[in-house]
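See structure below.
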Amino acid sequence: HGCAPQQSERVRLGLNWKAEPEFGGFYAAQVKGLYQAHGLDVQIIEGAANAPVLPMVAAGQLDFGIATGLEVLAARQRGADIVALFSVYQKSPNCLMVRASSSIRSIAELMRSGYDVAVGPGQLYVEYLQRKYHPVNVRWVPYLGGVSGLLGNPRLAQQCFVGSEPELARARGVPTRVFVVADEGVDNISALLVTRGQLLRENQELVRRMLAAIGLGWRDYLADPAPTHALIARLNPAMSLSILDTMLREQRPFMLGDATGFERLGRLEPAMWERLQGHMLDFGSLDKPIDLRSAYREYP
Amino acid sequence: MNSHAAAIVFDQVEKDFRRTGKVIAGLDLEIHAGQFVALLGPSGSGKTTLLRLVAGLEQPTRGEVRVPDAARRNRGYVFQEAHLMPWRSVFANVALPLEILGRPREEIRAQVETSLALVGLESAGALLPHALSGGMKMRVSVARALVSKPSLLLLDEPFSALDEATRFRLATELRRIWLAAGMTVVFVTHSLAEAVFVADRAVVFSQRPLRILADLPIPLGAERPDRLRVSPAYAELLARVYEIVAETGDAHTRHAT
Amino acid sequence: MNSHAAAIVFDQVEKDFRRTGKVIAGLDLEIHAGQFVALLGPSGSGKTTLLRLVAGLEQPTRGEVRVPDAARRNRGYVFQEAHLMPWRSVFANVALPLEILGRPREEIRAQVETSLALVGLESAGALLPHALSGGMKMRVSVARALVSKPSLLLLDEPFSALDEATRFRLATELRRIWLAAGMTVVFVTHSLAEAVFVADRAVVFSQRPLRILADLPIPLGAERPDRLRVSPAYAELLARVYEIVAETGDAHTRHAT
Amino acid sequence: MISPLRLFAPLILFAVVVTLLEALSQSGIAPRYLLPPPSEVWATLRGDAREYLRAATITLTEAGLGLLLSFLVGNGLAILMSVSRWLSAALQPYAVFFQTVPLIAIAPLLVIWFGYGIPTVVVAAFIVSVFPVIVNTLAGCRAVEPALRDLFRLYGASRFQTLTKLTLPHAIPNMVTGLRIAAGLAMIGAIVGEFIAGGGLGGLIDAARTQQRLDKVFAAVLLASLAGVLMVGLVNLSARVFVGRWREPGTD
Amino acid sequence: MISPLRLFAPLILFAVVVTLLEALSQSGIAPRYLLPPPSEVWATLRGDAREYLRAATITLTEAGLGLLLSFLVGNGLAILMSVSRWLSAALQPYAVFFQTVPLIAIAPLLVIWFGYGIPTVVVAAFIVSVFPVIVNTLAGCRAVEPALRDLFRLYGASRFQTLTKLTLPHAIPNMVTGLRIAAGLAMIGAIVGEFIAGGGLGGLIDAARTQQRLDKVFAAVLLASLAGVLMVGLVNLSARVFVGRWREPGTD
């Protein structure tokens, strides 16, 4: 549409969690006025543990939202017209961790260890690891958030996000050993910017401007995170500046992939979706294959 | 007894209770409009049940209780226990029937005050029921039944919690009101003397199942001045009633034991 | 009145209620152990309050109520209203005092049955209170008070819901039990005739605040056979008592109005 | 007389509600990703009937045990509080604390103390359901007719006698009301407990939710509610057996 | 006479509990990552006093509005149910459904219908707290003395008159009991609602929990409980004002 750029368009972006480096680029675009420069007035809405972002996007209460690849495909199968536009991570920062003092050196060893493994609901890799290792004495238990499980029980492994929970544990005097789950051959797509198909079809221009602002925002954030971190620390008092810096430092390779520059930033490619769908079909999260091409738009 | 259009009629009435069995068996009774009837009978004979049948609070198991519409429209009932609403003041308790009838405020105030004065509780209007003595509660209950100037007044031992002086005074008042207003009064009492003094007709019941032992007219005139209680006519009639009750009630006294 | 070791003594007792003010003012009264006292007075004068003071259910605002230990140990109380426990059968209601005293089962059964027979309710033991008539409830309450063979028996108008025959019979029974057991009985009634027939002493109270108007011995002997009621001695005494009450009570009758 | 009404009235309403939901869903007014059509929920339920039934049995057992705990502890506390004013004043705010603390916030504590699995879930059901029991029983104990209290004082009844022969029998109807509320809460407590400790219908819901399998979520929710209705029904039944006798004087 | 007891008894117990927790924590028996020492919670609370107060105000408002809704809707339903046996039989199972449905399971529906923020949270508080109101008020309405019902029948009182002049006044003590329970539940409902829709103490707890800031979690939980105690206290106060007058006959 040809509306004049000085009239900013109101847009609502719903996160699926509180402000964190995971969403750094989205905030950076705001801090640096990039949305405004693209004629957008973006309201970023922090999420909660149980915020139903996808239904909100599908129903039009949000214009953009953050979700995982698994959620996107599951939602599409249920008839929700959700399209992924931008991926924060090129490799999932999902990990399992044990105490550093533990003798466990790999996920393969963990699967034979007799440990409790605390994992939140709906993690794709649980089924994958089950099939790969056929663990007999490992108990999958619910993940309760934080690292209290690990602190209280030396024979517990738990899910974590690179740079986040391991740092929490270290700050409590318990160093950890971290195993990246993606290295086992299973990879969810951890943080996707999504919108609904209708918006994409009817307002291409808006989506284009949004993506442009976001692309710049992320570059800017990764180059100079300090101003954005100041904002995040204010929004999410559970975070300190130093934790934010550490988290970003650890997650940066997962965001940028193996590349040295920004060439892989935000990239969405058929291969990652086909792999994900393959896993989901294997593990019963999807009943039948779906039309993958309408589930995402390639980026860049 | 010849049938009367505006009479309360019991026609072969029987009443059974699930747990306790037959209380009333084949009762025929007719109470004419405007009559002042006293009902007497031993404890547990079914007097309260009979009043409840008249009021429509209980349905007969067999037979029929006919109550003329005129009497049905505006009734007063003094239960055997006071049954006041604990959250309402004495005044508000007495006001209840008028509130239900939707009378204007001013009228309610006037009527309630008159009614309370009648039972000697003009200064107790603001109290809550739990601060009343037993006899005071019953008097409030009487005031409540009178306040709406009912055309049918059912009283279940209204004065038994009262001292003799108060009792006598209230009976006299009741008779005066009845004379003035001409409503039908059915009055359960345990006192033969009271029955003879206040009523025009006394019906004496047997022990359960309730039957009529005696049905006596009391021809002492419409006006019953205080001095009637010390008159020979009254003493004579009372003595005769006592006799009749003693004779017919022989069986019942044995029962009651 | 000379003080007595085993007497119930009211010593300058005053009782005020928060909402209703002074009920008893400077009362001196002594009830000897083993006495059978009837209390009379207009409705709302404070008779129930006085009984509650004796029972220790109420504390005097000023002054002192002394009750000998012997009397304190085993008391029976018939409240003005029946106050049965709705979830207990008639039998279980009467059994309550014995259960509390921890008597053996067999004894409880026997005593309760005796007590129920006394009030003419031997066949009602299995009923729940809501299936009883008003008078039956009061009789259960009397049975409950008698069942533990109390050494102090407080009765608050126990017979006022009963017909005259039952009332008379129960009064006679009460006197008989008292003669046999020798307990102290304090008996509130509104019937002068009943008071004179059953008690050894009648105390007549004024309207509020409660004062003693008359304190009359009733010298009709220990045994009171039925025929006493038709004897000239009884009639004469009753007439005298009426007279005294009428004289002294002049003020109170005016009050009560 | 009551039985058929009790049964048919809710069934008729059920039929109405189901038809309405189905129509909403099939017509596309309520999208499937928000509200799965009842037919789909039913198909899911039938497809995995055994799994759902097993899960429901577990949850029901846990909720039942939690309710039992609430019954015992809640009534115990209420009795203590009814006897002593000090205790009552001191404990009441803590009972409220118990009521308002979000289970999720103390989840790690629960798991450390009671482990993963059934005990934690039972404790969760207990925590959520104990407050109504306390409050209702306490209200019942306090509402005893003063004249009956006088009667017991008169006969020198011990505290224990007054409690067992007067206060508790009198409080039974209130106790039943409290349990009726607690039964539903125990169910929800058990499900939230299963979010923490795993297993049962809560586990199913938790897993299905992230996969957007609302049909599974609603199948489990439906079973949970049925289990809740069953528990409340059991409470009502016991009420009828133990209380109905004297609290329904209008029946004769 | 009651006031100082009401105040001091819980405070004394509070001092005991705090001292105990502090000792447990400082001595290392209860690890800090599970149970932060009260001193630390207090320091956190003081440090961010304004933020916590703002959050507590929001949550309290939401819970209060939810409770108000429960009061209106719950009592309304209870009244309808007390009047009609059909309605009562038909609605009761659905009331239980409402009680047992986990908020988390219907979170998408709530947020879609009521949006992010306060309305959703209010509805959550309402859903969680309405059942006790229904059940208690209904119990109160049904327990009216039959003799008083007779009295109203006798004077030909309309249903509405019987309701306003007899049933409701009689049910007030039960209503208060229901509200007392509902007040605590509304608080927990608001917090769980905030887990879904963000904001308030629930949002604080949610964020702090995953960051292992248990001091913050407990600071928020503490405030939530205080707010709950406050709400229950308000209910009690209204009870004293409106009901105490005739339901405490022992006071004279």
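As written, the chains take the letters A, B, C, D and E, and residue 1 is the first residue of each chain.
Simple rule for what comes next: a contact is a pair of C-beta atoms (placed from the backbone, for glycine too) under 8 Å apart; a residue touches a chain by one contact, two chains touch by 3 or more.
Predicted model only: the values in this text are computed from it and were never measured.
Taking the definition of touch as given, a chain qualifies here only if it contacts subunit A and subunit D alike; those chains are E.
Inter-chain contacts peak for the pair D-E, counting C-beta pairs in contact. If each chain is reduced to the centroid of its CA atoms, subunit B and subunit D end up 50 Å from each other. Note on chain placement: the centre of subunit B and the centre of subunit C lie 27 Å apart, centres being C-alpha means. Per-chain CA centroids place subunit D at a distance of 16 Å from subunit E. Between subunit A and subunit B the centroid-to-centroid distance comes to 84 Å (mean Cα coordinates, whole Å). Annotation for subunit D: residues 33-34, 104, 108, 112, 195, 209, 214, 249, 252 touch two or more other chains.
In subunit B, the positions touching at least two other chains are 17, 19, 81, 128, 131. Residue positions of subunit A with contacts to 2 or more other chains are 55, 59, 145-146, 148, 152.
Per the touch definition, subunit E reaches subunit B in the complex via residues 145, 147-148, 150-157, 161, 165-166, 169-170, 172, 245-247, 249, 252. The part of subunit C that touches subunit B in the complex is made up of residues 17, 19-20, 40-44, 48, 80-81, 120, 127-128, 131-136, 139, 156-157, 160-167, 169, 190-192, 249, 252-253, 256-257.
The touching residues of subunit E, when paired with subunit D in their complex, are 2, 5-6, 8-10, 12-14, 34-35, 85-87, 89-94, 96-97, 99-102, 104-106, 108-109, 112, 131-132, 135-136, 139, 143, 146, 173-174, 177, 180-181, 184-185, 187-188, 191-192, 195, 202, 205, 209, 217-218, 220-221, 224-225, 227-229, 232, 247, 249-250.
Subunit E makes touch with subunit A in their complex at residues 31, 33-34, 48, 51, 104, 107-108, 111-112, 115-116, 194-198, 202-204, 206-214, 216. Those residues of subunit B lying in contact with subunit E across their complex are 52, 55-57, 75, 77, 79, 81, 83, 85-88, 96-97, 99-101, 128, 130-131, 148.
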